[in-house]
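Across the two complexes that follow, chain A remains constant while its partner is chain B and subsequently chain C.
Coming up: the complex of A and B.
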């Protein structure tokens, strides 16, 4: 089909932590607030992605020099900010385990929950290697970023990317974004930010490549991202193969046993 | 900027992507610092020392832009012989009168200017004292000068020429002094100095961006003046990529000074007439019309304004109803008015989109003032603290007020949001942008325009029904004769904002929309609501609603919105060309003189008479714009020059001087004079000051405190604390402290702290962060406490009122309060409740020996006697 796979590229090197993405997402998608709790995690008071937070900006205060002082300021300190979101994996654990078909892959290659079909079984929650999808206490259903399925279907930009003032969040055809992301990393490394790296851009990774990739300035763990995520259902094929083999062995043993009796 | 103006910060990010170096100077490491190339932490309240040292760096290393400075500034003008600098008087300028705490500015004048000559009468002599607050009127041009031609020395060698005066004045602003005063190591200062000066000149320009971190000081206007001097010396004014940009605290604050909510201005920076000095239109115009520059057309602006106000009733025979204008009788600015409320003199109060119970310094005085009114009208989105203090304010808790005793009648009227009404915002670039209405307001919510219009309509109806309304001398005539006939629309009868904008633009006798302020006449044949906005409705089209995308037009984007004056995007842009009218460089070409066509041309609308040759010399006796030479870009100044040294118009000195904030743990390291001697102090038992520097009791308040905003909230919280999506992002008041200060005072991250000043004590959750860096000031480790000020007791998220901590000491030019630097104590744990809080604060006052007089001294060095005569 001519419709390319669509996705996000979040360039955290220009994120200013304004959280416009969090707010725009909630406004558009009518996501409830996540509670009024001062967390003490720098300026982060939503904590993590969940049923009621589909974009989440992490704030990391580091006593670390940022290369040749790019993005860097005082020299002995830097403040990393990064807007996290559902990765819309190529191999999506949530979708694999959903028994009702509430989760489905759209024509844009994104993964979306249909709330009217979701029965709240919650299988998808542990199946996500990023801890993104989550059940909402109030209605029991599973919720996560839809990559604004209703907006992009109308040729519009997802609310978060639309609201982002510094183009930290970019939306577009995944292949274009991947190219742009690689160019941006090269640019930053050349400018003296050797730590700049991409996350979620490798189609050979544990989720078969993500539909949302990130430019990070440090190890993924620093941002609360798993360093080497693997979709748990990836082992499903081999599990079934192993199970089948085991079954075959047992069957063989049985045959032998019975055969022996016959004797 | 990223904190308070995230949307505007996109352009900084874009500039950075194109190679710009971003330097952030701020007490705190903020979200701006995170993206900056360099962050310079400094002590709050020490910026003039820092900027002054940059000026000194540029002057003493000969890094200034000679051709620009010589041609376009007053560098070559000679200052009078009897002028004395702060160098000579321990931090005072000549002319200081300690009894009135004001300067007599005569000695600041240029040599050759005839002060007090000819037609001056006794009344005008008093105006030689710069009145507090007079600075407001210079929002679109400088002060008038007395007649005469200043003596100049084009070699710039004369010891009394402005350049040499500046050099001497700033000589003591050294990198070592920056280290002592600001706590900025000299290496770091050198880095900034190199970056700024090497990025300025023919090929490059540097811009400064500031906000209320500069203005809210007892020397606020002089902060900006220091930056102006630096930018002029480097040739960064009137050129692309240069300038000084004021970020505003709220949408359309620029608009609210252009068409002012200020008591002492009329639209377009025309001064409000004074009861004693301006009895007739002729007298008003005579005293307020400078000889040169575009304010020389003051009669046309004023008469056209009067015609807009009073239409057919405004006639030459009745001075165009000039008598109908209210008159000033003194200082009616915000804080003196609050004191008048406390004293029972001011009886009524409108609060339209303002929450002073939370957002204004010394919140207690604000609330006590409101408790002493007859009536209070609050128009806002939700029941803000300014509408509910009478039942649940801090003074109810402390027992200072009892609800039953409060006689104020409080009216709350719900307001429509910006999405629910149409109109313009004017941004800091003087750009008017029209907003269309998205949805109708719900329930009883109405626009401000609706409220004012219908209130006026009802008042007029009541007055018209009165007995003496037909009398020609009725005191109601000013209201009855107003033009008050705007078309309304919709079920709510909302007035049509475009009709108002059209009136602001102005029209001629036939009702045809004017094309700009050059069309204005002083004979009553034109009406115009605000002369600088004239042209915003040119050709009968709402020019402010233009939204041609950037990619569809030139990089200056003249067809996006409309900028005053006359859609010029960069003011004074004639300075982007050299004296002969050629661009300073190809890279920075902006507007230039086309000799063959005999006109100015370029990327922007030239901010200059289009056909005035660079060679034009004004003939003797020329007036208004004709008195501006072809080589004088600063056309709103009476002499066309940019003023490095300000002989007239400032109340507290012709050059910026570092004084300590009203409350400071330090003595002034630069001069014996501790404070701005002309600052306004409001002596009141509810407005006591902490002792400063080496004064006894100062040690009880050893920390610097500064207040600020966070991205997630809006000012006093009226627009954010009631919105769950914003409230959850910063759900509680907190104070930011360094790990070192936390260790020193036993503060625990996410525990509680009590912050104390002479006014009160508040509590806040503790945020321990490396982003607050201790500084070494005058050899002492110095800690700063950071306090965002968004909270009160109402809304989804609450907290103590930070502004209750702050006192009222004001900049004398513009009456702004000093809320960005003060001193405090901080202790672990929550504050006392109820009356115990008062006792707790009184304990501090007693131990520190604080009285109403603490910190109110004016001159702290001997004042030389002023010569009695010989003017």
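Coming up: the complex of A and C.
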């Protein structure tokens, strides 16, 4: 019996911005406090994912009707809320570039850092096209969402999904989630929400499909997500070829330097 | 109009989350990592000079270059370990050899480079050795020096792959030219350092290396900035732009002075200072340009949005055909 790939489907159309996911994640994973900050960005005082934030709820206020309500229009503002998380990419930049083997692919298809191996080289940080993983100041190691590796190993649900009161965060076998996500988009479009679209669901995208997909109600960049992320290692062959050519030029110039007549 | 204003994508046309960065900027300390790119290049170029001097019988150039190689390598290693979040785990770099990680490959390059380079340096200091070791070391010094010179081209160029293999827009987009920029900068910088320490009668190949390195670096930089367009802006703007402009002027002046004035001590010294400073400025400038491009969501979102729109337009064309 083979273990299916597990992942998240975050349906932002039913997110109510309660941040229970942020809190549950911090509590379960004992993620350190990252300060009491007031950012002035709607209800977002977390700001972004990072070493000490593995779920982040974004709040976007838009001068746009929220959709047709029974009984007529209901104001002209809409509020988008979305709980962001590590994408657990099929082709993961962080995992590719990690020089120590601290980052690894689990039996669930997720990407996890082994904190007893990580030496804090920091290479994974700029290698992530989503800006997820970061180095923690207090211990110098890289940290990010583990998709609750400890919990799912025991057949339990990750803390964020368990705590989510509206089933905005859903956990399960990726194939099932993908089907459910496509069904949900069709349902929303039919119900008069033409903006509904999926993000991270396509295995043909720049990261080979994400292990955490999202249903969004606007362009990804509005939520702080890159619109067309590509794992940097896709171009690694070309990089090494150009470096090899440059190395040959370097060596060739070195030789010609001494090949001239003796003076 | 300033060159930085030739924006291909109007800045106002992209959306973002409160203007916040999409990417995490590199956590590397500039002094450590840009400093390592610089000293690593010096070590690589010096290893070439040492081998060349050995084969063409220039004993002072050989000795100085071998010692410079190891000194620069020592500074490199110290900077790399210092930059780690957990420096006591530096040896975890050699736990695995991972072809998908330029840092892993580079750590092995450095190890393979450091061993023979150290042998050549020790061979230049016979006074420090027990009598019985002097003859064997003298015998292996030349093969060791050639081995180090064989790895040197990898040391000089892999760091360009290291920065390009990230999502940082200005680094990733520059992956074709950066290895040539770094190779030229390594040749010119190490030749510069050597011009300062080499007696005039032995410095002819050093001056030639300074000139070819400078030409390579300037040509590759020019090509890179032309090709990159909007994502290349960080190489022209702000502190990075100032450093890179200063580097170009110093590279050109240093190479010209080396070519015309190498037979005079003050001119050789001045050329050396200019070339070393230029090499350092190139690495710090490239480093800063990358960080600036990661901090500004425009460089992440706009090119990706353009790519998506182009793909969408292409798909529509295909359907209508």
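Just so it is clear, the second predicted complex is superposed on the first by the 229 of 263 C-alpha atoms of A that agree within 3 Å, B and C clash if a C-alpha of one lies under 4 Å from a C-alpha of the other, contacts with A are read in each partner's own complex, and residues count from 1 in each chain.
We take it that contacts are C-beta pairs under 8 Å (C-beta built on N, C-alpha and C of every residue); 3 or more make two chains touch, one makes a residue touch a chain.
Since we're looking at a predicted model, the values are computed, not measured.
Looking at the superposition, the partner that touches the larger set of chain A residues, chain B or chain C, turns out to be C.
Touch criterion not met for A:157: it reaches neither chain B nor chain C. Once the two complexes are overlaid on the shared chain, A:251 sits against chain C while remaining clear of chain B.
Look at A:117: by the touch rule set out above, it reaches chain C but stays clear of chain B. By the touch criterion stated above, A:61 is placed in contact with chain B alone, chain C being left untouched.
In the superposition on chain A, no contact is made by A:106 with either chain B or chain C. Look at A:235: by the touch rule set out above, it reaches chain C but stays clear of chain B. In the superposition on chain A, A:243 contacts chain C only, with no contact to chain B. Across the two superposed structures, the residue set of chain A contacted by chain B and also by chain C is empty.
Against chain A, in their complex, chain C makes its touches with residues 14-18, 20-28, 44-45, 48-49, 52-53, 55-56, 83-87, 89-90, 92-93, 95-96, 98, 100-104, 107, 149, 152-154, 156-158, 160-162, 164-168, 171-172, 175-177, 179-180, 182-183, 186-187, 204-206, 208-209, 212-213, 216, 290, 294, 297, 300-301, 304-305, 307-308. Those residues of chain A that touch chain B in the complex are listed here as 14, 16-20, 22-23, 26-27, 32-38, 40, 42-43, 45-46, 61, 63, 69-74, 77-81, 165-167. Of all residues in chain B, those touching chain A in their complex are 2, 6-7, 9-10, 13, 17, 24, 29, 31-39, 41, 710-712, 724-732, 734, 749-750, 765, 767, 769-771, 773, 796-797. Considering their complex, residues 41, 47-48, 50, 58, 60, 93, 96-102, 117-123, 125-136, 139-142, 219, 221-229, 232-233, 235-236, 238-240, 242-251, 253-258, 260, 262-263 of chain A touch chain C.
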